[in-house]
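What follows is a set of notes on a single structure, which appears directly below.
For reference, chains read A, B and C in written order, and residue numbers begin at 1 within each chain.
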Amino acid sequence: MYSGDVRGLSHKTKDLLVASINSVRRSIKRIPVVSVGGLLVVPAFLLGQPSVDFAESIDEISFVFNTFSFLVWGALVMWMCAGFTMLESGSVRTKNASMICLKNIGLYSIAGLAFFFIGYNLMYVDVGDFIGSFKLMYGPSSDELALLNGEEGALGGVVDQGYATMSDWFFQMVFVATTASIVSGALAERVRMWPFFIFTLALTAIIYPIVGAWTWGGGWLSQMGFQDFAGSTIVHSTGGWAALAGVMIAGPRLGKFRANGDVRPTPPSNVLVVTLGVFILWLGWFGFNGGSQLKLGSAVDAVAMSNILVNTNLAAAAGVIVSLAFSRFIFGRVDLIVGLNGAIAGLVSITAGPDLTDHYWAVIIGAIGGILCSAGMRLLEKLKLDDVVGAIPAHLIAGVWGTLAVCVAAGGDFIAQIVGVLAVGVFVFVLSWLLWKALALSPLGIRVTRDVEELGQDAGELGIEAYPEFVLMPETYEEK
Amino acid sequence: MYSGDVRGLSHKTKDLLVASINSVRRSIKRIPVVSVGGLLVVPAFLLGQPSVDFAESIDEISFVFNTFSFLVWGALVMWMCAGFTMLESGSVRTKNASMICLKNIGLYSIAGLAFFFIGYNLMYVDVGDFIGSFKLMYGPSSDELALLNGEEGALGGVVDQGYATMSDWFFQMVFVATTASIVSGALAERVRMWPFFIFTLALTAIIYPIVGAWTWGGGWLSQMGFQDFAGSTIVHSTGGWAALAGVMIAGPRLGKFRANGDVRPTPPSNVLVVTLGVFILWLGWFGFNGGSQLKLGSAVDAVAMSNILVNTNLAAAAGVIVSLAFSRFIFGRVDLIVGLNGAIAGLVSITAGPDLTDHYWAVIIGAIGGILCSAGMRLLEKLKLDDVVGAIPAHLIAGVWGTLAVCVAAGGDFIAQIVGVLAVGVFVFVLSWLLWKALALSPLGIRVTRDVEELGQDAGELGIEAYPEFVLMPETYEEK
Amino acid sequence: MYSGDVRGLSHKTKDLLVASINSVRRSIKRIPVVSVGGLLVVPAFLLGQPSVDFAESIDEISFVFNTFSFLVWGALVMWMCAGFTMLESGSVRTKNASMICLKNIGLYSIAGLAFFFIGYNLMYVDVGDFIGSFKLMYGPSSDELALLNGEEGALGGVVDQGYATMSDWFFQMVFVATTASIVSGALAERVRMWPFFIFTLALTAIIYPIVGAWTWGGGWLSQMGFQDFAGSTIVHSTGGWAALAGVMIAGPRLGKFRANGDVRPTPPSNVLVVTLGVFILWLGWFGFNGGSQLKLGSAVDAVAMSNILVNTNLAAAAGVIVSLAFSRFIFGRVDLIVGLNGAIAGLVSITAGPDLTDHYWAVIIGAIGGILCSAGMRLLEKLKLDDVVGAIPAHLIAGVWGTLAVCVAAGGDFIAQIVGVLAVGVFVFVLSWLLWKALALSPLGIRVTRDVEELGQDAGELGIEAYPEFVLMPETYEEK
């Protein structure tokens, strides 16, 4: 391609030039430059694309940072599934705890497969205004395959992607699993396993990906200016609406709401496990919000990611403290469960705009999220909607609040935010309602029998008790 | 600013020069160099600060590494709060386990807010010999705000910081939470919630930040040569001294020490959860010590961080094995709880100097830490000091040992280490003692009533039992 | 060493040259270049090794990435020990759960020390065909020590290593711990503590390192072309063979297999904890397989690592779903425990070749692994082999399958894979069998007495009950 003709240059000049050229060659310890008859022979590859070479080095480093960020933070988001599992299985009565474990490991598996076979393409590939592609499966880019096969010249195309194709897929996949996790808690203790899994499949293969196509996929809401950094609406409200539809159709647990208007308390059966679950979620949320910066390969991204983690933590802390105080002053006693849910609500609230730079706003947003969640828990009881773990207040109500709070704290477009909240709400709720209704009317049904509900899903439906050797208090229902 | 006049140079020379210059330009795919009438026009920004440009690329990469290290390892340190929660809630009797959960999620939240509003500034901003600034709140640097706003020229100032401002804040914040976690375990099962939270606020907003200002903040102990890499003294002993003062003032649990000198055994109520807590702490300690290298953006930092993780693991492993053996030979049986506490003691012991390069020293330091902790657990019993989870032996005694061991293993200044241990000890113990005493004498009091203590804090104070459906053994106290 | 004589070059040329040279100097803000009497004095270090300087920057970045990858992913692999502990302690009957906690924290400690003092050198240092060195202890390289001491010129040698010496040690150490973890579960509820620890010592200091020397250490199997990316055979089958030998010699638990051929069901005592354990393992496996790429410092590594995490997740998800379906169709009910074991089996299956690029293959491999594991659990029962947690089906059977599946999915050499599977199997099984037999015949014995087994190891051998305050169901054995 090119050999540098350096005839007419002094020896020193040549030396300097060669030194300069050498300087930009990495990982070539012995530079193959020879002088032949006054013609300095510089290998073509040293000169042919010199700028690409160095630029590629730096860009390649950004590529590695971006990719590793997706993988590390994505792994922490996957860990949130364990958090939901612990939160939910500790919150239900002992007799239904194994079923929650099954539903959660099952939903995570279904979500991962559904997103691989259908969901990701529908959400991100060739998205028009409303949906992406119906192509089956997803995989590395052709440049990546070429690079892995050792083909010359593939590196540039790969580096231009900005991150490894499947690192992004991995990160997006753990998000869809989070959406599905929200549903299982709200519907615990009475919804049958098979219809739950069918709903999960539809949610993770179709419903969530379509919401995602409108927004993160670049569809109409995105074009309108709707902002939802890490998914207060897209992930958490979507899960919350799906849960709300299910709660309305499945109805409350036996004996939860008494004829005289009393609400039967159903305290968590294992408070330690619930607390562990909240800590897992809090940890995982650093990945959820931090990774949603989507890039790490520059100082500005690293700065933004740092601010995000700080805001995430402050909002959660404020959610806890304010919820505890709120429960003390309104209900007369500090309520641990309200405080734990306040952490979740604070986290959900900040998720739409965790990159704000005035950190006290995170405190305010998280605190208000905590109060709204606490109040929402009571509101649901008044409405006789039985949400076992408070998923709807923590994810739907706080999610809506967080999406709107972006306008106040970070200057989002209020109209776009309102439209986004409503559009996602109507779409997800209606589709979920129809699906739950169809399942309820099908021969399958969605509700366990009265006998199974009294006995518990663990013994009645699954055949595996959570703690078979422990002696438990007998439970009775007056209104049989 | 500058255009390269290349008249008089041959074409080839120009080409070579341009190629050389191009080589150092990153992320500019089409180089805007044109030759106009023999004058090679090189854009000024290509030549004006050529060295800054490339240096910034490399420094920017270091910046990203340093920042990401703080975030990833900091997230693992946050996870230690879950470890303490599990360790403590599994160690107490079932009737007090929910209260431990509440105290721990509460203390983490309080610590995070206190450090944001007051603590960090007091510890790190404008530190003279003794304290930093009383300014409220903390946030990104002005350069970072400019960079996030897209202002030209802000990058250099940001990169010169070495890491994102709030990534450091995040990492330091999770440390103060660790200090507070130590206290809750020692004082479990009898100290009331509100005074505990008030003490936590003082510890995390004032006491710990002042100790930190003396040392990591650059104050008088630091100037004296006091070495405490990741906080054997600064974090762990501080927590231990605060706990000791509380234990002395609160007094032992009902029935712990009998009139005849017997010590009533109070075995953990949930050994699995205690073990899980220790594994969480062990994992989190990789972040605690590894992240305390404070930098990752060079080979020397990466090497040091690797050595640190290895030493951390070896010290913990030695702590376990030696504690188990010690319990077997001294007390006649292998004691799991002593072994688990040995892991903590090994970890605390190595924390003052985890960067040593003769790894067998880590084994020795951890082993001695384990023995001291095991012996310390018995010593406290002899002194009739009731430390529920062995926090004082594991964090205070092993912390002092580790701080002194630095002299032996890594050549620290023995005088400076002694002065540091004593100064921190006196300061924290006296302040904590006064604060606990004031709280005890206040109308609030620090101790639950006898009835609440017998019934348990969960039912008596909080109203939420840890495992309400499980049938528990009745517990009686002879000396009522 | 060298000063650039630039007499005869025009001023502009000099400027351009200097600018070019400057461009490649990092972190030197004021360039010490002066022109003395027409002789441009460029400091020797700017020219003497210019290519090394820049190359080192980029290579140093790769070094940091590679090292950090080992540390972060290694920390997640360490976390798998907590996963095994929870999986196993929740799977056994309550009366033996504390002993499982002790065995697991003990085995992780023993493995770490044994690998430091003996194992690593035997596996990786000066490996011939069969074993490495018998040198005691391991530590940083001499270049690293020089670099940490601030010696000039040490950087190049360190960077050439590719990663920090001890970061690799750390990553390899957590792998040996995984092998040991597999054994404790299979042999739970009847094998005594001391012989178990002795076996663990031999396994982690000798047996596993020799298998490792043959393969990852570069020995005869490696030379033959045997492929096992992250250790389906090397780690998981090795653990499985060691467990199988132990199960055969220790015999089944009392009452597990009745005279009439019935198998006594022994359901997990704590399903939540088992589920948590599986989630921990799943999370940790991202580190196990992802970190086994061994490098992160280039785009091709980042791409491969992303594919690896995706395949790991898909295989596990497929393992869960297929195992649940399999249990439903074959045994008449969805079995949570089979599903959880299916996740492990899927993970083990993909471990030999997680870098494949046709991701549907991961689904297929994991699914078949799940089925083989489910069927294997029944097979072991037919053979009257009592593997308490299903470790042998999940790790040995799925491990063999995964090692062979590499041939199908990624074009491995079938003969080499078969030879590897057999050679490792024979070696580990025979050595383990001999060692377990020797321990069984020694005065120590390997089996607890009938009284201790009935009472439980927690009360009978360890003296610490897992949940001492909880009332448990009495258990009786017909055939006494």
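The rule we apply is simple: a residue touches a chain if its C-beta (ideal position, glycine included) is under 8 Å from a C-beta of that chain, and two chains touch if they have at least 3 such contacts.
As the structure is a computational prediction, the values presented were derived from the model and not from experiment.
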Cα superposition of chain A onto its copy chain C, rotation angle rounded to the nearest 5 degrees, comes out at 120
Given over half shared residue numbers means same and under half means different, the chain A/chain B interface is different
Between the Cα centroids of chain A and chain B the separation in whole angstrom comes to 28
Check: chain B positions touching at least 2 other chains come out as 13, 17, 20, 23-24, 57, 61, 72, 270, 276, 467, 470-471
In their shared complex, chain B is touched by residues of chain A numbered 4-6, 8-9, 13, 17, 20-21, 23-24, 42, 47, 50-55, 57-59, 61, 65, 69, 72, 76, 93-94, 267-272, 274-276, 278-280, 282-283, 286-287, 290, 296-307, 309-310, 313-314, 316-318, 320-321, 324, 333-337, 339-340, 343, 357-360, 363, 467, 470-473, 475
The answer for chain C against chain B in the complex is residues 10, 12-13, 15-17, 19-20, 22-29, 31, 57, 60-61, 63-64, 67-68, 70-72, 74-75, 78-79, 81-82, 85-86, 89-90, 97-98, 101-102, 104-106, 108-110, 112-113, 116, 137-140, 144-145, 147-148, 155, 158-159, 163-167, 169-170, 173, 193, 270, 273, 276, 462-471
